[in-house]
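In what follows, chain A forms one complex with chain B and a second complex with chain C.
Here is the complex of A and B:
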C-alpha cells in the first residue's frame, strides 16, 4: 500500500511541470483574431501557405498547415510559443542562412500571430 | 393584408437597398465624390436612379393592371382609333422624351464642363497604361519629364491637374471613381482629362476596360494632399536614388545590378536603366506593390520578388532565384529607397 503514495509523489514534479508549461502559454495571451489581421498586413502569405488567411498561398517558404503540431520550427528551434515569437521577430539572428527577412514585427503583433498559428492543429 | 405588413415590407426593402448602396461608399466609389467632375457625375446619377426607378414601377404597375383586367369579364372595351393614336403619342413619344431629354441635356452640359480646357500652367501628369500597371511621368511646361514613378499618383488638392492618358499595348481605362469619370487609354493617341480633388485623401483607381488576365489587379492609388506636401513629395521623386548607407544595402545594390533586375527596372542614379517594368528609384516611398495588389511591406516584397507569378499570375515579371543572403540584401536595399 505504500507504493501508491510514493508513486504519486514521484509524479508530482510532472504535474508542476505541466503547470509551468500552462503558465507559459498563459503568459502569451495573444489574440488569434488580431493575429489573422497582422498576418495579412505583414504579408506572411506572400511566402507561406497559411490556412484561414485569404490569399495566403505563397510557395516561397514552407506551408504553415498544422504548425502547432510540428516538433521543430524552421528546422532549428523547439516548437514553443516563445521560440515561435522569437523566430517571427528575428529570424536572421537565429539562423543567419535563412531567406526569411526581418519584418520589424512588434512584440504584440508577434504574440497575436503566434496565437493564431497555434490554432492550426 | 394585415395592417403593418406592407410598411414592414417597405422597411425591409429599403434596408436591402441601403445595404447594397453602402457597399459603394469609401475610397473607390462614384457615389462618394471628392472631386469636381465626380461631384457633377453623382449629381446626375441620383436623379437618373429616381426617374428610372419610377419608370420601372409605372411599367410594372401597368403590366399588372393588364394582367388582372384580362381575367375580368366584360371589363375590356375596345378603344377607338383616335383614342389608340392619342395613347401611343402620349405614352410612346411625349412621356419618354420628357423623361430622357433633360438627362441628355444635363449629360452634355456636364461633359462640356468636365472637358473644359485647363489654364496653360496647370500641372501635367502623363499616365501610360501597361500590362498590368501604370507608369506615371510628371511633366514640365515644355513636356520634359520632371519625375517618373508607378502606380501611385500624387496631386495637390483644389488645383485642376491635366492628365495625358496613353497606352503602348491594349486599351485601358483610367478611372478614379471618387474624382473623375472613366477615360480610355488608346494605343496610338493621347486622351486628356482633368482631375480636381476637393478633399485631401487617398483614393483608389482601377482600370475600367478589360485588358487581359490581370485587369482586376491593375489598380493604383491617387493621393490628394496639401500643395506644400505635394511639392515636397515631387521634389523627393525628382531626386536620384539614395546611396546605400550600410554594407548590407551596398550588397543589395550589387545584387540588383548583377542579377536580372536591372534589365527591366530603372533606379535613377545607378546603371539600372531598364524600361519594361516600374521605375524603382523611390520604391520604398510607395504604399503598395504590383499596382496596388499588396501593401508595400518587406514580407510582401520578398514574396513578390521570389514568386511574382503566384501573386499575380500572368504578369510580366519572372521569378528571381536568389540565394537567401542575396535576397536579404536586396530587400534591405529596396527598403532603403525612400
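Here is the complex of A and C:
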C-alpha cells in the first residue's frame, strides 16, 4: 500500500515520545495495512465495532473508534503502544477478570494491529 | 415650480444617505464579528483565575446572574424555616460541604476557596441580600462557570431547606456564637436515607451531570468535554459485558456504578459514592442507549 511509509513516519514521533528503549523502538512501528488484514483474519470484529473493518460491529467488547485517544486500555492500563501490544497478545495477564480471550496473536501481527488501531483517532 | 427641484434633490439626498448608512452599518457589523472571532481564536481573552473581570464585565455578569436566579426562584414554595432542629442539621451539612469554599463566621475559606474567580460569596452577606427561595435554587442547581457546584444529587430538597434554614441564621451569628453552636452539634449526627423508588431514566441522565461522569465518558444525550478516559457509552445498552468483566444486566450495572473497584480491583473508574437510587436511575438511562 502507498500509505505505508506515510503512516510509519507519522507514527514515529509517537513512539519516541512514549520513551521506549532501543529494542522497543526497533520492535515497534508496524504496518497499519497489514494490521487491518490481521484484524479481519483474527475476527476481532465479532466482538468489537472497528472503523474501517468490513462487518466489524460486535457488541461484546467496547467499540474501538478513537481507541488511539483513549486514556486507559480496557479501563486498567495507561494507553501506550507497548501496552496495546501486550493487551492484544495476553489480555488475561493484564486483567485476569477480563472477558477478552487470548487469541494467540503473534508478535508481528500484534505490532501491525497496534499500528492500525493507532490510526483510529 | 420653484420648490419642485429641491424636493427631488432632497429625495435623492435622502436615498443616498440611507444607502451610505446601510453600508456603514454592515461594515461595522462585519468588523464586530471579525473582531470577536479574532479575540476568541487568537486567545486574547485571559482565562486565568487570578485575572479578575473588568468592572463593566463584572457588573454585566452579576446582573445576568441576579436576574436569572430571581426568575427561576419565583415559583418555589418556601417551607417554614424557623425550627432550630432544622438549622442545626443544616449546620452539619454546611460544615461538611460548604465551609471549605465559603468560610463561616470567624472561619476562613480553605485554599480551594481562596484561589477561585469569582471568589465564593460570603454567605452571611448572601442571606441578607437574597430570599430563601433564591438561595435554595442556587444550592440545588449550582452556578455555571463559577465553581459553585449543584448539590441536588448529594442532598434531597428537604436537606437543602435545612441548609437554607441554617444560612438564614448566619447573619446573626458572631464568630463566638458560631463556635459555640459547632461545639454543641459535634456530638451526634443523623441522616436518614430516602426510600428507593422506581428507576427514572431522565433523572438518571441528569444525575450523570451531578456525578461528573462526562469528565471521563462520551455519553449520548449529555453535553460535555467529549473525552475518552473511559469507553464511550454509546451502545452500552446492547453491550454484552460491563467493563469487559461483568455480564451486562440491570442489577450488575447498578452494582458497577456504585462499586466499580469492587467489581474489578484494577479498574481506573473510581468509586464515586453513587447512591442506590441514582445508580438505578442511571442504569435505566444507560439501558436505553443502543
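Convention: the second predicted complex is superposed on the first by the 94 of 121 C-alpha atoms of A that agree within 3 Å, B and C clash if a C-alpha of one lies under 4 Å from a C-alpha of the other, contacts with A are read in each partner's own complex, and residues count from 1 in each chain.
The rule we apply is simple: a contact is a pair of C-beta atoms (placed from the backbone, for glycine too) under 8 Å apart; a residue touches a chain by one contact, two chains touch by 3 or more.
Values in this document were obtained by computation on a predicted structure and should not be read as measured data.
Clash-free side-by-side placement of chain B and chain C is the outcome of superposition onto chain A. In the superposition on chain A, A:59 contacts both chain B and chain C. Judged by the touch definition given at the top, the superposed model places A:98 against both chain B and chain C.
When the two complexes are overlaid on their common chain A, residue A:72 makes contact with chain C while staying clear of chain B. When the two structures are aligned on the shared chain, A:107 is found in touch with neither chain B nor chain C.
In the overlay built on the shared chain, the residue A:43 is in contact with chain B alone; chain C does not reach it.
The minimum CA-CA separation between chain B and chain C in the overlaid arrangement is 6 Å, rounded to the whole angstrom. Across the two superposed structures, the residue set of chain A contacted by chain B and also by chain C is 59-60, 97-100. Listed in rising order, the residues of chain C touching chain A in the complex are 216, 227-232, 234-235, 238-241, 243-245, 264, 266-269. Touching chain C in their complex are the following residues of chain A: 49, 59-63, 65-66, 69-72, 74-76, 95, 97-100. For chain A in complex with chain B, the residues that touch the partner chain are 41-47, 57-60, 92, 97-104. Residues of chain B that touch chain A in their complex: 294-295, 297-304, 306-307, 310-311, 324-325, 327-328, 331.
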